[in-house]
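All chains are identified by letter, namely A, B, C and D, in their written order; residue positions are counted from 1 within each chain.
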Amino acid sequence: MIGKKVWAIAEGYIPSGSTGPKPDFESHDTLCVLNTSDQTANLEVTIYFEDKDPVGPYKMSVPPQRTKHFRFNEFKDPEEVPRDTDYASKIVSDIPVVIQYTRLDSRQAENAIFTTIAYS
Amino acid sequence: MIGKKVWAIAEGYIPSGSTGPKPDFESHDTLCVLNTSDQTANLEVTIYFEDKDPVGPYKMSVPPQRTKHFRFNEFKDPEEVPRDTDYASKIVSDIPVVIQYTRLDSRQAENAIFTTIAYS
Amino acid sequence: MIGKKVWAIAEGYIPSGSTGPKPDFESHDTLCVLNTSDQTANLEVTIYFEDKDPVGPYKMSVPPQRTKHFRFNEFKDPEEVPRDTDYASKIVSDIPVVIQYTRLDSRQAENAIFTTIAYS
Amino acid sequence: MIGKKVWAIAEGYIPSGSTGPKPDFESHDTLCVLNTSDQTANLEVTIYFEDKDPVGPYKMSVPPQRTKHFRFNEFKDPEEVPRDTDYASKIVSDIPVVIQYTRLDSRQAENAIFTTIAYS
């Protein structure tokens, strides 16, 4: 069982524009979670903004021995993550998991991508 | 409260050229800061160069429970960060924060992006 | 001898499409391993999915004082890694190694790249 | 004085092709070093390959309170780093420094970039 329970990502921005067929080429921010344990991981994500109070928790779970790649674009409850807006996130899990953050930006004709292991 | 007080980024370069509408597609280096605590974080940033003395401190703050994405392009006091010049940065905060570094390079027709959690 | 024995990468996705001459511009996910020791490193890689049991171990080795850049695209035994599918990976080595993860995505006309040191 | 003395980068590849004016758009791998101390940092870099013995040490130094962004493309002594070849690197400094690794790949018409803090 590899990982940590508390993670943070200081970058976040979902471009409203995209080029190319959806869903593959829709601009997106992704929260990749790996749970190598034999228990379900229950996560609570809080989204931070520049000029308003944080929103959350967004609750999600990852079954034992599974990975889940959650798109911030698809977060719905308690509310959607606004487009074209700087944000950041904190993730708290009840068991150790590994978290990585990826963006695909297809606002211009060719897509651009980045990734980093989150901070723990 | 997740994070550290002292961070460093060894890469830094603000291209003078850009393609596409500003400010979204203006080439930029960004310092993303996440403050999950209940206190304001007061930061001092020092910029290092290849062939001259460091410049700083640039002072900035992040309110409690907020993120701020500062563009190095917009650093003004004590002086602007020169374009087309290699630099690096050290960030010292009075309380723990999480820092991530992102670039958007739009010198050529399509934008390119990268990100990494800073070193702490 | 620098490194760790257990590593994880929460991101993984091999696009089935590519633009440009192979093998250089074939879309690929790469597992870069550096073994600075004087012994062979024996690795076991497990691939995790969103909705089925993990697959592995994929066994590979890196001779002393060598690096190997393994493309996930070329993993064969026990089975190929499926295209256009989210996955993640855990890597266990019998001696300390350093692991980095890179993608080249050439689905659109111009290639996009990302990299990160894996989690350990 | 922030940093570590021993660092590693498991990825490395200098494309022989480039598009756009040199030196800005020449494809390159860069070793960014930040020395925040009051002493000169003396570094020894060793380059590892897939199928031959490591080459090095490449010796370089970073003055006190300075950053240096060394392009692997320009490493000359004891020998050039071959193009279109997978490699990795280990960096040993006599005092703590911070190391980050960046690539600009301009083989296709639009440039692609990536970065990561190195492993320490």
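Methods note: a contact is a pair of C-beta atoms (placed from the backbone, for glycine too) under 8 Å apart; a residue touches a chain by one contact, two chains touch by 3 or more.
Small disclaimer: the values here were computed from a predicted structure and weren't measured.
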Chain at maximum distance from chain B, centres defined as averaged CA atoms: C
Type of chain B:chain D copy interface by residue overlap (half), same or different: different
Rotational angle, Cα trace of chain A fitted to chain C, multiple of 5°: 90
Distance between the centres, which are taken as Cα means, of chain D and chain B, whole angstrom: 22
Inter-centroid spacing, chain D versus chain A (mean Cα positions, whole Å): 31
Where chain D touches two or more other chains at once, by residue number: 109-110, 112-117
Contact set on chain A toward chain D in their complex: 110, 112, 114, 116
Complex contact set, residues of chain D against chain B: 2-3, 20, 24-25, 30, 32-34, 36, 65-69, 98-100, 102, 106, 109-117, 120
Residues of chain B that touch chain D when the two form their complex: 6-13, 15, 46, 48-51, 53-54, 84, 86-88, 90, 101, 103, 105, 107-110, 112-119
